[in-house]
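Notes follow the structure.
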Amino acid sequence: MKKMKNCVVTKRELLDLIDRKIGEGKEVIAPAKQENQANFKRIKSTREILWEGPQTVIPPKAFLFPQEEELMEYEVNDEIKVKVKVEGKPIILLGIHPCDMNGTTLLDKVFAENNLDEHYLKKREFVTIIGAECLVPCSTESFCYRKESVLPLEGFDLFLTDMGKNFFVEVGSKKGKSLISKIARKTTPSDAKKLRKIRRVRDNLFDKEQRKLKPKLEDLPKLLRENYDSPVWDEHGSRCFNCGSCNMVCPTCYCFDVRDYMELNLKRGNRTRFWDGCLLTDFTKVASGEIFREGRGARLRHRTNRKDWYLFEKWERSFCTGCGRCGKACLTKIVDPLDIENELYDRWKR
Amino acid sequence: MKKPKVGFFEFTCCEGCQLTVLSLGDKLLDLFESVDIVNFREASSYKGQDYEIAFIEGSISTSKDIERIKEIRARAKICVALGACAHLGGVNAIRNFQRQSDVRWRTYGDKAWLFDSILAQPIDAVIKVDHVIPECPIDKKEFLRATASILLGKKPFIPDYPVCVDCKMKANVCLFHKPNPIACMGPVTRAGCGAVCPSVGNACEGCRGLIPDPNLSAWEEVLKEHGLSIEDILKFYHMYNGLMGVRR
Amino acid sequence: MTIYKPEIAKINRIEKLTKTESLLDIELLSGKSLGHQPGQFVEVSVFGVGEAPISISSAPSDLATFQLCVRAIGNVTSALCGKKPGDKIGIRGPFGKGFELKHFKGKDILFVAGGLGLAPLRSLIWSVLNSRKDYGKVYILYGAKIPQELLFKEELKNWKEREDVEYHVTVDVGDEKWQDNVGVITTLFPYIQFDPAKTQAVIVGPPIMYRFVIRELKNHGTPDKKIWVSLERKMKCGVGKCGHCQINDIYVCQDGPVFNYEKLKNLPEAI
């Protein structure tokens, strides 16, 4: 992505700008408090935004790759008419954490690879992403610093860093640039200096507070390859519900099922895709009843391998952003990739 | 195309599932247009015996029930268990875990000898069931989709994965993770309900039956960590899954 | 047009091969030839019922029609087998990597088919037999559970009679009329004498079969890179997105379903 000029805006002016947009009917989605956690919701005012953790229950992928998405509808008479639904609507995703921007960037890659998934890409085209840097860890489960995910790679239109009265703004796209062109002012050397200091403090804090990843990040594919037959998989797997919670809440899990539904008149129907997960028992089941990935441990291994081996090697980047959602969601505390990788590493070294 | 003839039948239950069908609103008209309903006590006094598809609600709990359901099976090409009582034995089966003489006395008093009640059973303990539409009561959307599937000659899609999937899709805060945690049967219960109970802060009680491969030891471990005793855990099972209602 | 939109096609003919399998002749309404490679598959839609991956059973040709051999086992396949000529369905594909004939030209070929595995293999067998002189010796070993389940019985007779094909058949359980071999597929190996150095072996069958046949081939000294297989998986989207058909780091719908064993042996989830 071509780097655009950074700028500075006052917080007041930016928030007023967003509130005006909301007033004009613009759909703005941001993390907001939900009980003792958080969730994305359509906000009526920027005052609702939860700028600092906890992490939202589900990631922003839901706005690009919805839980349930009609791919096409059809009419079956003597002729068959199929109408594909490729739709998007303009929304602003605001206050997105760096881990989730990185997750989105990875989804952008996989959905645009080879066979373009227009259903995803059309939605993506319409979305404006305004990220916000995390200056304190959002939860005890997160380990984004260990996954080099405290800053976004790309995939944002604007990226805000809180500098007290101002936001330091990294501009990622023309869309982002035009959004704030009226309120942006040039950065000064002291702004840049201040930003560096904020990030240094942030790095130190995250390094101190977040759990350590014992193997080197770049060694994860090798670690997983060499521990394919480790007993760790079945030990963790024996306590797995195969409930798929880890898949659902993951910002980079994008597997889906597709199902046809017919109306009662048996004339009109639709083909809809749903989130699916490799931890679910039937994920690999074919019509004959054969399940090609049998065993709770094997399914857990596949998910971990996808994140930190298969897709890591293919895209040269871990597909686990360290957001910590799966570790939080897992009732038996068996799925957290960092825990698993540390355990594999400890036993491997011995 | 000739409309298929359909009958609705009830055994021991609250008839809430048939009420759900009746409360489909506009969609009920679609149903009437797609099938000929020849037997539906809650909607019509007409009782035709020439049905091809039988929707059966309720559990089997008298010896007369057994005869009657066998007759229905003999007439219908397709038998569909409607709701938790037909599917799992439902709440009626709670009595199976009590002394039967006590239960009969409590229910019928000194007239107990007049009633031939037996242990409550799901209908597939007596007849072959072709399809199940689970839940207590059934879900409208799922009923419509499943009925369309059956008319199309297709096995209805009923998930075999746990309620957690639905619950996460709804972006709910997990009941186990609330400030005051609530023990929930979601991790071992069949999804498809859209996590209707957890979404309003109530525990899943397992009314859609257990998934085919529930990790019960892990679930019991989690419940114990949350301070539940064996008795509490059994109560959980007995609500709907006393007969260990894994769909057969 | 998106990657998920099926093209409408017409069923021209349905032939019941066995109690559960039917052979469908299908023509795209666009009149275009499918343009497939032997071993590739299509995603077949029965609207309202769903979509299922089915391997193409006919050899590539310029004709507008192609053939699918379908076992009525799931929702889509049962619906397909219940269709009538003239009925419309949806087709996406062809998808995946099939058999590249260049690997087989000039070589001896040993075909090993189990059950419904003959359906995809038939597409390659006829590609070879249609230009028979381009290939060396041809062996076909075919096994089914019972005689009634043998597919393409007329063609089997043809192969048996041909002088340029060495064909052997077996069933797990015979009946009073059965005169050929009884036993699992590997019990046919003693009947043939192939030269492992010159032979490309192609195996398609139920999951359990691969391990035994590969072991047999290795015992005969067949090198890994001369063994080819086609794998069944749940290819839901066909375009490398949905994740269901993944075997370790590869997608069967993209990198397969046809694989060389040299590559496959390093994938623990494969066989």
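A, B and C label the chains in the order they appear, each numbered from 1.
The criterion applied here is as follows: a residue touches a chain if its C-beta (ideal position, glycine included) is under 8 Å from a C-beta of that chain, and two chains touch if they have at least 3 such contacts.
These figures come from a predicted structure and were not determined experimentally.
Common neighbours of subunit A and subunit B (chains touching each): C. Look at the CA centroids: the one farthest from the centroid of subunit B belongs to C.
As a whole-number value, the distance joining the C-alpha centres of subunit A and subunit B reads 37 Å. If you average the CA atoms of subunit A and of subunit C, the two centres end up 40 Å from each other. The centroid of the Cα atoms in subunit B and the matching centroid in subunit C are 42 Å apart. In subunit A, the residues that reach two or more other chains under the touch definition are 259, 261-262, 266.
Residue positions 148, 152 of subunit B are each in touch with at least two other chains. In subunit C, the residues that reach two or more other chains under the touch definition are 48-50, 75. Within the complex formed with subunit A, the subunit C residues making contact are 1-6, 8, 47-52, 73-77, 88, 90, 207, 232-234, 236-237, 239-244, 246-249, 254, 268-269.
Interface residues of subunit A, counted against subunit C in their complex, comprise 71-72, 74, 76, 79-80, 82, 84, 86, 110-111, 113-119, 228, 254-262, 266, 269, 271, 273, 276, 278, 283-288, 290, 292-293, 298, 302, 305-306, 309-310, 313-314. For subunit A in complex with subunit B, the residues that touch the partner chain are 34-37, 39-40, 56-58, 62, 67-68, 238-245, 248-249, 259, 261-266, 275, 277, 280-282, 296, 328-329, 331-332.
Those residues of subunit C that touch subunit B in the shared complex are 48-50, 75, 78-79, 82. The part of subunit B that touches subunit C in the complex is made up of residues 148, 152-155.
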